[in-house]
Every structure is written in C-alpha cells, then in structure tokens.
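Chain lettering (A, B, C and D) follows the sequence in which the chains are written, and residue indices restart at 1 in each chain.
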C-alpha cells in the first residue's frame, strides 16, 4: 500500500465520511426538488463507500472495496427507479417538488 | 300401636296438596277447589286432635325427618341444616287452634267468596291452603331455621291473600307494605338465626343439644358455646341475639313500631283477615317467643323489653281503635292491642298466660272477624259503621255470637278473654316490683283495659243497636249456614275457652287441678324435658311478690281492678252510643282526634322514610352514571383524542418525514451514546 | 372422552345451525341443544370425582392430551370435572335450551346466525367450566366474547352498538390484566412447573415454589398477581366499581342473550375468582379479606340501591345481579365450607333465578313492547300465568325459603357470620344481609306498579296471554329453582366436598 | 434425510422464486402477445407454491437444523441456510402466492399486469435471499433487491395520483433509509474490519473484553449498529422510520399493500433477528456498552402505541389497516426487544423471538387476507371508508365472515391463530421480565380491539347508507375469493395447529443464541 494512504490515521477517513454523509443529509432535509433529493442520497451512499474503501485498505482485506463496487451498482439501479418515479410524479402532479403531493395524510 | 307422629307431616302436607289442587285444577272443580281446602283442613284438624290426644297420653316427639343441607364447616363448628318435627303440649295445642280456625275460615269462605260471586277463587283457595300449610309447618318446626323458613312463607301467603283483589289499586299496595314491613323485621330475625347457628352450632329448640339448653349450660358455667364475637361478653351477646330474633316477632305480631302494616292488611278478604289475625301470621310471632322461651328466659333485659313493647303496643293500638269508622279497622287495632297483651305476658314471665290468651284470642278474634264478615255481606261490602245500626234484629245469630266475642275481647267475666287477660295482668303485677320496664308495661296494659272495652262496645252498639242508618242496613242481605255455622262454633268457644285455665278460681277457692292449661304446659301429661313452664320459671329471672296481702288478695284485687275498668269502658260506650241515633263524639277529643285518626302519623313517617331512601337511590344512580361510568367512557374518549393528536404527525409532507426520521435516529444515538458513554 | 364429545357436539351443532335456513333454525337449535343437556345429565349421574380438581382431588372424566410446547412449558388439552365445575356445566346446558326457546318469539331476523352463535357460545362456556389447562381455559374464556359481541350488536336494542363495544373492550382489557398477572405468577415458579396445567401450578405454589421475579420478592409478586387477577375477574363478575358495562349490555341485549349473560357469563367471573385467586393464592386472599369483604358488601348494598332507582325492568334485574354477585364474593372470602360452598351454590341459584327473571320480563316485553315501569300497569290481568311465574321468580330473588336463592344466600350468611378468616365477619354479614330488604323493596314496588292495579298500557298493542313456548321455559326454570331450594344437597354436597381443600388453604388460628 | 442432495439444493426455494420471475419476464418480453393475465397469474402462483412446498419439505426434513448437522453454509459462508431462514421463506412464499392469485382479479382490466407478477417474484426472491444472508454485504444487496421492485409496485398504477404519491414517498424515505443503513454497515466494517456476521460478533466480543487497543471502536460500532437498526426499522415500518407506511399502504394497489405489509415487513424482521443475534450478540453488545436491546424496546413501545392509537381514529379501512400493521410491527419488535443478556437466558430469548416469528407467520395470513378483502372492496367499487362498508355482510356473507376472522385474529381473539401468536409474544416478554413491555402491549391490544371491531360492526351490524349502495357488488371475483377464504381458513386452522409452528420457530430462534 502507498505510504500516503497508510500514513493518514483512520479517524480522518471516518471524519471525512461523516462530513460527506452530513452534507448529503443536509441536502435531503433542505432540498424540495426530487432530483436534488436523489443526488443527496447518492452523496450519503458514497460517504459509506469512503469508509469501505478506506478501511479495506486499513485492514488489508478486499471485501470492503468489492462491496463498494456493489454499492455503486445498486445506487445506479436506485437512481434509475427514482428517475422513473419522478417521471410519473411529473406526469400526474406537473411538478418535481416532493412537498407537493400531500393528498394522503393523517 | 301406630305412631301418630309419623303422620304429623301429613298435617302440614294436606293443606299444601289442597294448594296444589286448587292452583292446578281449581277452575275445573266445583266451588273453585273450595272443597279440597275444606277436606284438607278438616283432615289436618282431625289429625291434630289425634296428636293432642296422644300428647295427653304422654307422648311427645322431637325428631329430625329431613336433611336440608349436609354437614359442613362454618368456621367455629360444623353444622347440619335439617327439618324436623317437635310435638309437645304447646305445639299440639297450637296445631288444633290453627287447623280449627283454618277449617272454619274455609267453610266461611264458601259463603263470603263463592256466594258473593268472586272471581279468581282457585287462586284464593290455593292461597288459603298454602297459608295454612306454612303456618302448620312453622308450628311443628323443631329448629329455628325451619321456623324462619315457614315464617317467611307465611309472609308470602299474606302478600298473596292481602293482594287478592289485585285489579284494584289498594290491595297490592297493602300487600307490599305488609311484606316489606315484616321483611324488615325478618331481617333482624335472619341475623338472629345465623347468629344462633354460629354461636351454638345448632338451631334445635329442644333436647340437651338445643341452643336454649346450651345457652343455659354456658351461663351457669357447666358448658360453653362454640363462638362469641370477639370481646363480647356471653350474657350481652345472648341478649343481642334474643333482641335480633325479637325483630321478626315485632314485625309479624305487629308490635310497635312495625305494626303499621296490619290495619292496611284489612284490604284482604275478611276471612283472610280472620285467618291472619286470629291464628296464623300474627300469632306466629308470639308463638315463636313461646317456642324458644327457654332461651328468652335466660336474658332478663330481653324479657323486660318484650314486656314494655307489649304493654305499650296494647295501649297505643287501643287508643287508635277508639276513633275508627270502619268495622274491620277497629278489629285490626284491637288485634294489635291484644297481641301486645301476649307480649306483655311473655315479657312478664307469664308463659302460660300468654299461651292462654293466644288460645282465647284466636277464637274470639276469629269470631269477631267472621262476624264482621257476615255484617259486610249483609251490608253489601260497606264497612262504615255509621251506615249500619239496628242489625241485631235482622241477623240475630251474627249478633249473639258477635256479642259473645266482644265480651270476650273486652274481658268481661266470665267470657274467655277475661280469664286470659286477667292472668296476664296478674303475672305482670306480681313480677313487676323492681322491674321498672315491666311495671310500666303493666300500667299501660291496665290502662288499655277500659279503652278496649270502650271501642269494642262502641263498635257493637254502632253496628247492631239503634236505628238503621242506611237502606242496606234496613234490608240487609241474608247469610247462609256456611256463615252461621262457623260463627256458632266460635261463639260457643269464645264463651267457654276460659274454663280451661281458671287459675283465679283455683287460687281463691283452692280447687286444685282446674288450671288445666298450666298443668298441660307443665308437662303433667307428658312432654319434652326443658320445654315446661316450670323449667322456664326456674331459669327465669322473676320472683313473685304480692303487694296487697297474700296471693289470694292480690288475685282478687287484680281481677276486680281489671274487671272494674272493663265495665267502666263498657258503660261509657253504652252512654254514648247505645242510643237510637248515635252521633260522633270524637270531636270532643279535639286535636287528639286527628292524631289518633292518623295513627300518630306513623304511616306518614314510614312513607317519608321510603321517599328519603328513594332519594338516596337516585343520588347513587346519578353518581354511578356520572362518575363511575363517566370515568369508563372518559378513558375511551381520552384515548381517541390522543389518537387524533398522534395522527397529526403524519402531515403528508415527505421532507418533514425525513426530518422527523433523522431527529428520531439522532435521539436514539444520543440516548444510547450517553448511556453507553461512546463520546468519552 | 364424554366431555370432549359434549363440547364437540356443541361446536358441531353451532355450525349446523349456522348453515341451516332461517325458517327452522330455531327448532333445530333447540333440538340440538338438548343433546348437551342430556350429556351433562349423564355426566352428573356418573360423577365420581372427589375433592378439588386444582388441589389434587380425583378429577372426573379427565383427559389430558399434549397440545403444544411453548417457552419450555407444555400446553395441553386438559379437561375434567369436580364438584365445583359440574353444577355449572349442568346449569349451562340446562339454560341454553330454555334461552333458545325464549328466543323463538323475539328473534325475527337472521335466525340461523343467532342460534348458531348461541350454540357457539354454549360450547365455549362448557370449555371454560371444564378446562384445567390455563391456555385451553383462556382460549374458551376469550372466545365467549366473540359470539356475545354479535348477539348484542346485531339483535340488541337502540344503543346496542355502544353496549356491545363497551362490553367487548372492557372485559377484554380485564382479561389482559389477568393474563399478565397469571403469567408473572407462573414464571415466578421457575422450573418447578413444566406445564400450564392448573393443578400443577396450584400445587407448586402451595409447595412454596414461588421465587422472586422481575425484581419482585415472592410475597410482593404473589400479592401483585393476586390483585391483577382479582381486578381482571372483578370486571367480569362484575364487582362495583367495575360494573357499569353490565346494565348497558343487559338492557340492550335481546332477552335470550340477557338470560345467558346473567345466568352463565357472570358466573365465569366468580368461578375464575374461586379457581385462581382463592384456590391458588389463599394467603393473599385472606390477607386482603377486609377490603374484599368491604367491596362485596358495597356491591350488595350499592347495587341494590341502584336497582331501586331504575325504571327499566331489565335494568332493575341487571343491577340486582350486581347485588347478588356481592354475596358470592363475601362467601368466597370467608374461607369456610359453607361460605365457599354457598358461594358456588349461589352461582347456580342466581343463574337460574336471574335467568327466569330476564326471561319473564322478556315475555312481558314481547307483549307490551315496553319495559318502562311507568308505561304499563295491571299486566296480571292480561297474562296471568306469566305474571304468576314472574312473581314467584321475584320472590325467589328476594330469597324466599324453599327456593334456590334462599339456600345460596343462607349458606353464605351462615358460613360467613362466624368465619374466623374474616375480621368483623358478623358486621360484614349483617350489613350484606340488609340487601334482602332492599331487594324486596324494589322488586315489590316494580311489580306493584307494573303487574297489579287496573290494566293500562302506554302503547296501543293488543295484549293477550303469551304463547306456550314462551311460558314453558319459565315454568321449567321455576320448577328447577324450587327443587334446588327444597333439596339443595343435590348440588351442595359435591360442591362442599370440592370446597373443603380450598378452605384448608388458609390456616386460621382458633 | 436430505444428506445425499448437494448442499446448494438448500437454496432451492430461492432459486424457484428467482427462475419463476425470470421466466415471466422472459415471456413478457419475447412474445408480448401470447401473455395473458390468467396464465401469468397461474405460473407465478405455481412458482410461489413450489417454493413454499420445497421450504416446508426442508423444514419438515430438518434441513439446516441442529439435529441434522446444523446450518448449511454456502458461497464462502456468505449464505447460511438454517431453520429460521426457511421459516421466513415459508412466510414469503405463502404471502406471495396469496397475493399473485388475488392480483389476477384485481388487475383484470390492467393493460400490462405481467410486470406486476415478475416484480413481485423478484421482490420475493430478494426476501428469501435476505432470510439466508450471512454477511452484511449480502444483507444489503438482498435488501435492495426487495426495495427496488417494491417502489415500482407501489407506484404500479401510473395514472393514479394516489399510487404515484405513495410510490414517491416510499422511494424517498426508502432511499434515505438504505443510505443510513449502508453507512451503518460501513461503520461496523470500520470498527470490526469484517462483513461476515460471525466475524463481526467475534471482534465485538474482543472490543467488549477490551482485548485490543482502540476502545473508541465501541462507539463507532455502536453508531453503526444504531444506523443498521434504522434500516431495519424502515423495512419493518417502525417508528421513526414508519412515515412511508400509511401513505404507501393506502396509495398502493391493495394486493401490493398486502405484499408489503406482510412479506416485506417480515423481511425486515428477518434482518433484525439474524443480524442482531449473530453479528451483535446481546451479551457482547451489552458488555460493549451498546444497549440496542433498550433501543428496540423503546422502538417497540412507541411503534405499537403510535400505530394503534392512530389506527383507532381513521376513517378509511385501508389506512386503518396500514396503521394497524405499524402497530403489529411494534408487537413483533418485542421479539428483539425483550431479550436478556443474562447467561442461561438463551432458552427464554429463543422463546420470545420464536413467538415473534410465529406471530409474523400468522400475521402473514391474517393481514394479507385483510388487505385482500380491501382489494375485493376496491374491485367492487364500494368506497374506502367504514361507512361505505356498512352492511356488506348482507351481500357478501362469505367474504365478510372471512374479514371478521381476520379482524378478530388481528385483535388477538380466539378461536383464531392471532390469539396464540400475540399472547405467546406477551408471555415471552413476561418470561424475560419485561413486564412493562407486556403492559404496553396489553393497553395497545385493547385499543386495537376497538378499531378492529369497528370493521366487523360496519360489515355485520350497521345498515347500508341506502338500499342501493350494495348493488355495486355485482361480481364474484373467484381468485380473490379463493385467496381470501384460503387465508381465513389458514388463520383458523393455525390455532389448533399452532404446535408445529411455535415449536419450529422456537427451535429456529434458539439456534441463534
């Protein structure tokens, strides 16, 4: 493994991942447009990926890295589905604002 | 020698069968099943005579014949609840009285009910049959529980018969009152029964293991009772128990303050009144005290209370009888008064005197009621004495017999009532010294004598003497043999019954042995140990003291005083009412008249109490619906409101969902983190 | 296997009737309901049990078949009879046919469903009184609610929906409380029990098998469990102040349902109290003797006072049931043979009498279409026989001697007056006895104003004598009441035999 | 015995589901004209039933159970076939078969029902895979395999605003939750360096014992565990991740609601049961100061309370069922909340978790049945509110009776299976000393009795608003009836036949401790 990567203490990776995760979460909570929502979620998933990759390196076993690839694939699939739903949302409600559809409540 | 006592149950069951027959098949039978009743009571009467003869021949029996509830523990002891028969001189005598009166009432009813074309006769005769059966069962009972049970059945029958004319408003209400008031007394009686069983483990009247015997033994230290409530001294406890049982007596025998039901009970058909007042229901109370006299004799306080209540009731009721206008009302109050005398006697230790008066009264009071019944027939069911008058010429038989009964009731020599009442007063007198309550009872009893004579003859004169004061009185409806027959029988009895116990004569002339009843109840011809007047006298608290000179003097003075007073009352009545067209003199009494007329407003008091009770009940109902049920319903509505609050969280905006979700997660993390100390 | 057959037949006939056409559902149901009755008579004739089923007595007609195992404890089909359960089984099978007869007139819609549910309820009631395994018992216990909910809800009066849901939810809540209590008790026994068989659990508790559980010391736990179960059953009985569902349920329920509700369902509560609280935890019971006796007395007096205030005949009888159940509680808590035996006897007696009262009131209602005291008078004039029986029943309710009610109440009074286990027993007994005065008060008043006096009726219906199939059950019930009052020993002896071990559960000095 | 069979055949149920789904997709794409709703339904039903049969056979023959050599490990231990896995597979398979049969009538006029069947079967495949996952990686992948088709199924009626709104909310909350779940996994990986459940447990033990340097890891692991717990909460529709459920269940086509609220919920629980017992054993977690038992306890209490109280005040039956299924999630959570770390607690833990599993099985029938009845009502075109259901029993006695059975069973009344499953659950809680949890459950089940009986009241007691309202009931959808009646019969028969269920479940659960 490269000296740089190993010279960085694992806590830093954790902090980075946490930071990215929080940014994503912030996006989720603040953005009303479905697409932004989607992107923020992607961000959160990638935060997880950072951990996987970093600690795969740290522990020196490949599971984490491989799993990260899986996650990326799944994220893609999720986005595909998401876009589809957003599409029908637009068809039925004429907007992509997630706070608009509130016909069902209480 | 066949055992007559094995037929004793038949005495009870015969009228019961007549009840079943009348109830089931009455409407298909001639006279609505009357003959069944007559035959049954006649059979019972004959059997009773046979029993009487057997007892006279030295026989007596105290036998358990049926186990009602098998032995089981009640805490201190095990008990077995059973039915049985106790035949001794007292019960044998009572059997004869009851069956005789019942028989005559049945016969009389043929005239009073059938000939008058009453409806619902089967129900009537069924009621009579059951009534007689219950009373007989009560008479032969060998233990307190059985006595109580038949006591209650008597109450039921009185309800059914008093309320016989249920289509009219009056009778049902009177019936209700009769049952309720007596039930109130029976409440205490029931506690008494339970207390006796709890205390002694038995409710037997007679025998070495009977509760009077056990109580006696426990008091004189030669034995002990199974249980007394914690901390209560035995003598006190026995007094309490005695008073509790007395509650039932006061109710049934219509003693103050539970007498109010009896005048109302006149709503029932007159023959029923005769049965109730002469021989059955009302007599039951006094009979009960006599039955368990061995127990009462042990508790002087109870005796004193009995005496006082009796004396007071005797006077109190007599005063109310003074002003009544209806024939049967007068008789009703006289009944209350006379049973007061019997209670006085019992309280005064005059066991025999009480039984004596019970006997004579049974006859002359039955006579008076049946006579009144005859008059009522004649008057087309108008009972107001002010519409009568001059009937003696129209209905001689009724008049003569009625007169005999009245003389007896008034206690005029030599009619039955004189002897018994005189003996009561004598017993009270000689035992009174040193017993304030008893002495008070005696005085009131004495005072009641002239009053009794007065209202009796006021009744006689108004009814039979003077000029007819209404058309019906001028042309009364004639009555038939089935009315006159019973009257004749009872009339003669009212004259002669006194002869069975002429104690004064014996004492004055020294003729030994003519005090038959004394010897009878003293088991001279046989009986059961511990149930003799002697025994009662021994364990009783009283000793005789003769105020004026010796015994003979006292006897004579006492007799003279009571007779004199009676005659005074009679004469006053004569003066006021034995005139062609008498007028009301009650006005002279002024305010007192209203008080007497309204029975001292005691009914009003009881009505008031009833209403207050209903108010309490209403309050309870409001509380129940408002508070208790309110809480129950409140819980549900609160939950639903809570649910409504909760669902508000789900407001449909997905971003807020995300926010709340995150918040929740953070909350969890913080909670676990803090408790787990991750952040250190 | 007779017991199984009995219950199976009941279930089967319920199904058959449910699928039968409305026209003859009633007759069919009546015919089928006679089978269990005959069966129970057969059980009675061959009854050879002795002692109390829970305390190791000889159980009659016992069967125990492993059902399933949960949490290391086995649940089994375990049924049997002892002197306490047999009379109640007979009572149930006796009342149901009569109730069905009394339903012929009033029930005029969806008959097959009605009678099917009645029989279904009967099957479950039989289960309740015979089951000796907790879960088996609990299945039947809860299953009774389901038919009751429909019977009140569908065929009931104007406020039937409210009454049905109230009964349903209230009693179910009580069951849950009881469940938690009993479960804590069972698990506090630890490994000393390997099943939910009630005899085994009772035995283990008696042998002091209770350990501390969930942070509670054994004594605390036992007391808590006792209270939980007592409250649970108190609703079912019902004991004041948990009684308010009863009048509503009774008033709304159709007559035949009221008959079973008052006649049998209330007895479930007292039966369970006897089995669980007073047989399993006698020490706790006698420790709480005074408060329990107090609420018993309150139930008697308060219930009677409420009845006094009512104007609806059914409500009157309903509240007087509350009152009568108070006697039962008093009889149980004094722990004497006559007290406990009398309480059980009173269950049967009250079952018959209250059944008769509701039935008779129902017959009058069929004719008048009103139950309000003010709306009618002098009914005796139009329906003499019915009124005659009604009056007789009323006197039975007032505790007239030689009728079943008196026997039950008197046994209780005798058993409780001098009871050592209950302090101030004479006081409590005397107070409770005053109920017999009040009951006379309101019953006589109600009868006077409705049955007697000149006939009048608020509505303009033509009123005549009731049909035979309405009067017949009344007569039969009355006969039974009198027989039981004249010869109480036919039940009391076996009951007492089964009550003895319960009484011995408490050791009273002196 | 199944010894002669190659190990991989243990996956037979999963494969059956997967291949059925693929086959349907294949037919649908290759020859779109030959497909017919009926044939599709039949095929998928057969596939699901075959899977069910296989599962039952395996369970009966003791595959993967302790007495036949223990769990079967496949693919480098990433898959672990044991009794619990099979037990849940049985739930999934039976629910799936019920749903696809019902769907045949529900989508009778839908242009393209084929996708529905395939998607359902793919979701089912994911679930059954979830049930046998032995590594967090597989768990996540399988979870997505369940989620993604579910999103589409909810939004299946593209023209229906409700369906779309439901789909959107489900998707958004789902995406967020799976992100959280994934991050949790990553943290656990960071703390333990492994994704295999067993290894994670081992390292956790070391952390608890403090046998290695970084004790701050317990914090990281704890954080990760709570996040994983969040993912579980999402799948099981537990507070605070439940928000999607009411809308999704209400908006989705009724068969889909049935599928989600029964099968998908069970899938969530299989994660909880497996991961939290095998990866984060109670004892180790507690000694590592990670008290997830407490977390589950709080969740259970809050969830059942929120679900039941909210359900009590609903106007629409479907939404009421949605909330009630949240409430039942709360009940089932007792299975992981009422666990004790005390040694020797294994038996009791197995008992309570087994009770939860049994409850989920019964729930699979009664809740699916209830939603399918709603499906029938929608098919008939009667309204959605309680009032609209008034008097249905007069027209549709059989279906209404079945519905009454479901309602009372959900309320935990005998003689229905829901009675045993619920009371055994409470019993388990009490057994472990969690009286408070049982008490909360008791209060809630009282509330639930109230609102479940409202449905029965509407069906049997209330009278229809107008005589004509019932005329809309003009068809007898055979397949729907078949499914509903079958579910009802199962609900009833599972009471007497509860023995095998609870005993298997307990055995399976106990094997995990």
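The rule is simple: a contact is a pair of C-beta atoms (placed from the backbone, for glycine too) under 8 Å apart; a residue touches a chain by one contact, two chains touch by 3 or more.
The UniProt protein names, listed by chain, are A = NADH-quinone oxidoreductase subunit NuoK; B = NADH-quinone oxidoreductase subunit L; C = NuoM family protein; D = NADH-quinone oxidoreductase subunit N.
The shown structure was predicted, so the numbers you read here are calculated from the model rather than taken from an experiment.
Undergrad: Check A-D against A-B and say which one is joined by more contacting C-beta pairs.
TA: The greater number of contacts lies at A-D.
Undergrad: Mean of the CA atoms for each chain, then the mean for all of them together: which chain is nearest?
TA: It is chain C that sits nearest the middle.
Undergrad: Counting only Cα atoms for the centres, state how far chain A is from chain D in Å.
TA: From the centre of chain A to the centre of chain D is 26 Å.
Undergrad: Take the average of all CA coordinates in chain A, do the same for chain B, and state the distance between these two points in whole angstrom.
TA: From the centre of chain A to the centre of chain B is 98 Å.
Undergrad: Approximately how many whole Å separate the CA-defined centres of chain B and chain D?
TA: Going by mean C-alpha positions, chain B sits 78 Å from chain D.
Undergrad: With centres defined as the mean C-alpha position, give me the chain C-chain D separation in Å.
TA: 42
Undergrad: Return the residues of chain C touching two or more other chains; collapse runs of consecutive numbers into ranges.
TA: 169, in rising order.
Undergrad: Can you list every residue of chain A that touches 2 or more other chains, as numbers and ranges?
TA: Residues 28, 98, 101-105 of chain A each touch two or more of the other chains.
Undergrad: Two-or-more-chain contact residues of chain B, please, as numbers and ranges.
TA: 636, 647, 650, 652, 654, 658, in rising order.
Undergrad: Go through the chains and record each pair that touches.
TA: Here the touching chain pairs work out to A-B, A-D, B-C, B-D, C-D.
Undergrad: Can you tell me which positions in chain D touch chain C when the two form their complex?
TA: Those residues of chain D that touch chain C are 347-348, 351, 355, 408, 413-415, 419-420, 423-424, 426-428, 430-431, 433, 435, 438-439, 442, 445-446, 449-450, 453, 456-457, 460-462, 495, 498-499, 502-503, 506.
Undergrad: Of all residues in chain B, which touch chain A in the complex?
TA: So the residues of chain B touching chain A come out as 647-648, 650-655, 658-659, 662.
Undergrad: For the complex, give me every residue of chain C touching chain D.
TA: Going through chain C, the ones touching chain D are 67-72, 135, 138-140, 142-143, 145-146, 149-150, 153-154, 160-161, 164-165, 168-169, 172-173, 176-177, 179-180, 183-184, 187, 213-215.
Undergrad: Please give the residue numbers of chain D that touch chain B in the complex, ascending.
TA: Going by the criterion above, the answer is residues 168-169, 172-173, 176-177, 180, 218-219, 222-223, 226-227, 229-230, 239-241, 243-244, 246-247, 289-292, 294-295, 298, 305-306, 309-314, 323, 447, 450.
Undergrad: Which stretch or stretches of chain B touch chain C in the complex?
TA: Contact set of chain B toward chain C: 67-70, 72-76, 78-79, 81, 145, 148-150, 152-153, 156, 163, 166-169, 171-173, 175-176, 179-180, 183-184, 187, 190-191, 194-195, 197-199, 226-227, 229, 613-614, 616-618, 620-621, 624, 628-629, 632, 636.
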